[in-house]
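In what follows, chain A forms one complex with chain B and a second complex with chain C.
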Partner chain A sequence: MTLIWAALSSGAIYALLAITYNVVYTSVGVFNFAQGAILALGAYISYWAVDQLKWPPLLGVLLAAAVCAAAGALEARVVLLPKAFEHAELLTTVGAATIIVGIVAIFWTEIVRQPTSPVSGRTFTVFGGRVDADQLILVGLAIVMTAGLEVWYRFTLRGRASLAVAENRKAAELRGINVRAKSYGAFILAGALAGIAGAFVGPETYIYPELGNTLVLVAFVAFVLGGSGSLLGGTVGGLLLGLIENLTARYVGTDYTDLIVLGVLLGTLVALPNGIFGGQRVRTI
Partner chain B sequence: MRRSTVMASSAIALIGMGLAACSSGSSGSGSAGTTSSSKAPFTVLAIVASSGGLAAVTQAEVSGMKAAAKYVNAHGGISGHQVKISVENDNLDPTTAASLLQKAVSSGSTPPDLVYAGTTSNEALAMMPILTQDKIFSLQVDVSDQTIDPATHPYAFSLATSSEDFALEVAATTKAHYPSAKKIGMIIGNDVNGTSLLQSEKPAFEKEGYAVSVEQYNPSTTINMVPQLEALRATNPQVLLASGFGAAAGYILKARSQLGWNIPVVGDASFSSNPLTSIASASALKGVNVLSSAPQIYKPLSSQSTAFNMLYKAVAPANGAFTVSFNLYEFGWDEIMVAQAAAKQAGSFGTAPMTQAMEHLKDTNNPMYLLGTYQYSATSHTPIRSLSSATLSSPYTKNGQSLPFGQR
Partner chain C sequence: MLGIAGRLRRCVSGDVQRYGPAVPLVLMVLMLLLPLLGITQFWLLQIVLMASYALVVCGVNLSFGYAGELALGQVGVFAVGAYLTAWLMSNGFNDIILCVLASAVAGAVAGFVTGLPGLRIGGWALAMTSFFFVIIIPDLTQTIPAIGGSVGMFGIPEPKIFNASLGPVDVYLFAIVLLALWVVLFRNFVLSRHGIALKMLRESPDLAGAMGTSVYRLKLTAYVAGAIPAAIGGTLYVTAERFVSPGILTFGLAIGVIAGAVIGGAASIYGALAGGAILEYVNFQTSAFVTYSTLVYGAVLLAGGVLVAGGLAGIGRRLLASAGIRAPSVLSPETLAGSSAPATKLADVDTRRGRRVVVRDVSKTFGAVRALAGVSLTAEPGQITGLIGPNGSGKTTLLNVIAGVYRADSGDVLLGETRLHGAPHQNARVGVTRTFQTPIIPRGLLAWEVIAAARYEADYLSVAQAVLMTPKARRLARADRVASLAVLRQLGIGDLANEPAINLSLGHRRLLEVGRALARNSGVILLDEAASGLDEADIAVLAAALRNIRSLGITAVLVEHNLPLVLEIADVIHVLNMGSVIASGPPDVIRDDPNVAESYLGKRKADRTTEETAP
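Then we have the complex of A and B:
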């Protein structure tokens, strides 16, 4: 059971990143490769505030959210400019990721660091398996973030307006929705969520500038597996991939984990192009 | 339609992201010369990972090189030739490393007299065909069998003990400290460096009479080691041999704690080069020891050599807290000192005379060398040394050096 907890914890990290992918994708239709780098930035900001400046952890999380929201806004400023060719925004987000990683390396160097959390070092036995408090928090955070966003999208006017933009930008604009503001809002929200996630991911993974690049591939597969645009799908996909990856490493061999993860990606694209939760998208008029 | 097109484009861009990231590193160069000379300089080109997960390791090695070059230049250079060091950043990417080297040797300018090929075996391996084809002398820390092999790469030398000798030292030292143990568990990366170490260490432990079980991890993608350690625990080893740089070392210790597994840990050279006390708690370090050579064990500065003190003064952080092992600075220092000895003996910077001089180096025990003696032969391009200098030491450090076994 200890293995299952470790797998769910890894899966929660992928899920948190997949959630932020979905926030941008749902509103703008763009896959934002920079989310991993923004998550790592959040981890560093929180580390700086809490471990170096000795601020209270909550303030560290809030600062990480604010800085990463600003990073998202800056990125949106470039990504949302009119492009000369189709899908140029994808390359723009890759460039943004590279720039963010470089900035983090300049400020904090490449040395691996271990952020602490108020619960660091506490281990519990749950269902017969040993689990660190930081790991339980990660799993809980993924669930809470998914539920909160689902409620916001389904039951608030602003959330439903965001979904309307995703569905048909021109129709939404004709209905008086400020599409450009919604797009900016998606990048800012995704940035803030990645910042919050980073503050909790850091104590589990350690932090180094390329942390986001380490996570981006599996999180992308989680995003595809669960169903692009589906928050619940991203979370379920992340947790499933955590289990697949860890159980493969345990019972088959580490050499096969990447192979199987990429196999899941290809299998999903072929058999379930819209992912597990992305199939019900036909509208009745 | 748009959705599927975006997904396909995203998948392609994701693959390209690694390439984009690989090209992000900046390159820089710097001369360590302090006095002018009319003679052409002795040029050293270091193609290393100045960014990426091992940047701190690289920075230490390059700092050691520059400190040594400064010392040599201040004392007349190598037979009047100033030492000039250039650094190119390969961002830990073998393809970039090979491209940078190809550019350096084919740009029409004079090729470097000495290349320091890579922070890791992966980069060194990518550069070796070019170094061999263009007959360029190289001296590095890498000890992979695939790179430091006089039969295939006749101009490549290493500053570090061969992986076979190192493995024998690890096995013998482990045996000395844990004489009743019969089974060893090994956790090691599946990259070129890890696989090369595994090929040497597993037979060495088996030769000592141990049963060996092995689990490998992917250093680029692993974020927890519970699966690997749980698989190892199922084989009931009595000692765990741990290998890994950076976050991987932390993941090993963290997984051991989470599993509540109190097995003694022996960290190899890669493991001991990490700032273990800053990535693991005191409880996680309980029962952990690391392999060190005699020069790596802490001694007060007053007991150290003049060369050690010069290097220490040149590179010590203001707060005295080293983030990587001082050993890494010493490798950089010895790089220049050994090259100087070979060049003086050869009377030329040409690759053939330098290689010949290295294989018959007379100045094997210079007091300016920090990591021991340097003796090579036509069949061994790694230093030929006694196998008795290795020992187990504490994971705690002082002045960047390991404290003796049991101390903290």
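Then we have the complex of A and C:
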């Protein structure tokens, strides 16, 4: 059970990232590669505030959210410009991620740092397995974010408007929805959520500038496995991947985890292209 | 400035077509002379490494710049080439030519194996999967002791050529010759019809499919073709550095390679060389500089996604153009003059034969909407068959079923005696070509190239033939130019042949679409709302073109809202309403059919009677 808890908490990290992918994807229809880098930025901001400036942890989390929201807004400024070619977001979002990694490396160098946790370091025994507060918080955070966003998308007018934008930008615009504002909003919200997540992820993974690049790929697999555009799917996918990774590392060998995850990605793309919770999409000209 | 431009223009008489192939040779000779000028060993090594990265960037250019898919498998293939060479050389096979050949073969195989699943997906999934391959390389190499595990392979022996050892200068000379050879082959490839087809594919896979091109196969071709230089780049890297370790194959390298491709200009040859050189230059700078380079790479990628500047190559092209030097793709005055005889008829270019299209009891539903409810009709060769009906009556759906975009739920579409099925590109290959409601004209192609791209499947030209510029390749290249120009002339827009197609007016772009169908030697042309948005003068030109098509015996199916036009030029008209044919016949009959008036004009019989009896 201790292993399961460890697996779930590392899965929760992927789930958190997958949630932020979905926030952008549902409203803008773009996979935002930079979410990983933004999450790492959040981890650094919170480390800076709490460990270097000795601020209270809560303020560190809030500052991380604010800075990352701003990063999301800046990124949106470029990504939402008219595209130069069909898959231009491939370049712009990877470019934004690379810039963030570059900035973090300039301010904090490449040294691996260990932020103190915003919560107490206490460990508990839950369901017969040992788990520490940080791990529990991560799992809880993923569940709370998923539930909150699901409710918002389904039951509020603004949330539904966001879904309408994802479905058909032109039609939504004609209905009087401010598509541009919705798109910016999605990037800002995803940035803020990634910032909050970063503050809690940092103490678990320790932090280094390329942290985001390490997480972004596995979280992408979670995003695809759950079904792109499905919040619940992304979270379930993330937790599943955490289990797969930890079980592989335990029973097969740590050298093989990436290989297995790649296998999961290829398998999903070939056998289940819409993911576990993804609906059918009909392509038309 | 102007004086220099004028002199340059006179010097080269404006023809890159003739002198273009000499450029890599001249550059090669200049580079080969560098060691005589006392260049240091350090710089010789740097230049070999630059050449090595340039080859990888070339590979990325082929898949990203030309085929439009961001696949980083090339970095993985680079690793394959590097490790294979290191292993061969450490085990006594250190003939550098052997290593290059072995790497090329291994690279092609690796490209094929990774491209096969990856390219089915495309877009983000492909980009991420290939990123994954890059991440996984260190994991993979660590598990294989024969190639040095996590340490890598050091002290690789000197390369040899026919048993003669190669010093640093020799390696440098070899690398330069190899690179020049590659540039010549690469240039032949992208200037051939394969290059034009790839540009079309990058801009619109839907269009490429409609033109009979198997999108998947073409992408795979570009990807495998790009894997070969990447693997050879790995060989050069190892012969220069004499070691290889998992540490060099990083995410950062992958990012650097894309940045290099974007800086140089993703769809260009010399741009790739510049990109590779910059990548290596950044790599050997101090670590402080490397920190900032991440920032710069990021900015480059960001800019690459929103600017169509074309990188350094784009700047170079604009400079050449302002100096009056034509790009190789522009038709020369000789070509333009050669076939200017007004007697050139389409029939002289190709013999074509119309085929009867029979639609038999076709039904198609989308969810709860029954778009087609058992439609049967026939379109005869040498006739214009009009399909009219109110919005949502199923006209475009029927067109899409015939084109193969949709699969009918039940019923058949016959072409002559054979059943049509399958994907748009399969239907296109048997001679069914469509136009689009909004003309799909790829960016970056000249008007004649748009027409030439439609001939891609007409005479098969293998990649090897294109790369080696065999007589057949030359003949086809000439034929493509002449035939495309003839088609444009027939449509009355021959003087626009050298214009960038995307800049043409809507009416001219429509004509280009019709021309594309003609160039494909199609037996059946499906026109989707060809007249929408055109003014009367444009419609007259279009009508003339359609009559021309009819006179060639082609089967033309015209889906149209412009009732006067259809009544004027169609031979047979079918009226659709709510997914069924409610009337068929020649224009005169349709004009007076009360059912048609009712459904099409939305009038009820009762209203008509009151109107008619009213004083």
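Just so we're on the same page, the second predicted complex is superposed on the first by the 276 of 285 C-alpha atoms of A that agree within 3 Å, B and C clash if a C-alpha of one lies under 4 Å from a C-alpha of the other, contacts with A are read in each partner's own complex, and residues count from 1 in each chain.
Everything that follows uses one rule, which is that contacts are C-beta pairs under 8 Å (C-beta built on N, C-alpha and C of every residue); 3 or more make two chains touch, one makes a residue touch a chain.
The shown structure was predicted, so the numbers you read here are calculated from the model rather than taken from an experiment.
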| query | When the two structures are superposed on chain A, do chain B and chain C clash or fit side by side? | reply | clash
| Contacts of A:Thr123 with chain B and chain C, given as first, second, both or neither | first
| request: Scan A:Val270 for contacts with chain B and chain C and give back first, second, both or neither. | output: second
| Partner chain(s) touched by A:Asp255 [first = chain B, second = chain C, both, neither] | both
| said: With both complexes overlaid on chain A, does A:Glu210 touch chain B (first), chain C (second), both or neither? | reply: both
| task | Would you check which partner chain A:Thr92 touches, where first means chain B only, second means chain C only, and both and neither mean what they say? | result | second
| message | Contact-wise, after the overlay, does A:Leu81 reach chain B, chain C, both or neither (first, second, both, neither)? | response | second
| request: Tell me which partner A:Met1 touches in the superposition: chain B (first), chain C (second), both or neither. | output: neither
| message | For the overlaid complexes, name the partner, chain B or chain C, with more touching residues on chain A. | response | B
| task | May I ask you to decide whether A:Gly102 touches chain B, chain C, both, or neither, giving the answer as first, second, both or neither? | result | both
| task | Tell me which partner A:Ser9 touches in the superposition: chain B (first), chain C (second), both or neither. | result | first
| Taking 78-86, 96-104 or 240-248 from chain B, which overlaps chain C after aligning chain A? | 96-104
| task | Return the residues of chain A at which the contacts from chain B and from chain C coincide. | result | 31, 87, 90-91, 94-95, 97-98, 101-102, 105, 210, 213, 217, 220, 224, 255, 258, 265, 269, 273
| Interfacial residue positions of chain A with respect to chain C in the complex | 31, 78-79, 81-92, 94-103, 105-106, 210, 213, 217, 220, 224, 255-256, 258-259, 261-262, 265-266, 269-270, 273, 282, 285
| query | For chain B, which residues are in contact with chain A within the complex? | reply | 2-11, 13-14, 16-18, 20-21, 24, 51-56, 190, 215-218, 220-224, 226-228, 230-231, 246-247, 250-251, 255, 257-260, 274-275, 278-281, 283, 323
| said: Could you list, by residue number, the parts of chain C that touch chain A in their complex? | reply: 68-70, 117, 120-121, 123-125, 127-129, 131-133, 135-136, 139-140, 142-143, 202-203, 206, 251, 255, 258, 262, 291-308, 366, 400, 405, 436, 443
| query | Which of the residues in chain A come into contact with chain B in the complex? | reply | 2-3, 6-7, 9-10, 13, 29-31, 33, 87, 90-91, 94-95, 97-98, 101-102, 105, 109-114, 120-121, 123, 130-132, 204-206, 208-210, 213-218, 220, 224, 228-229, 246-247, 249-251, 253-255, 257-258, 265, 269, 273-274
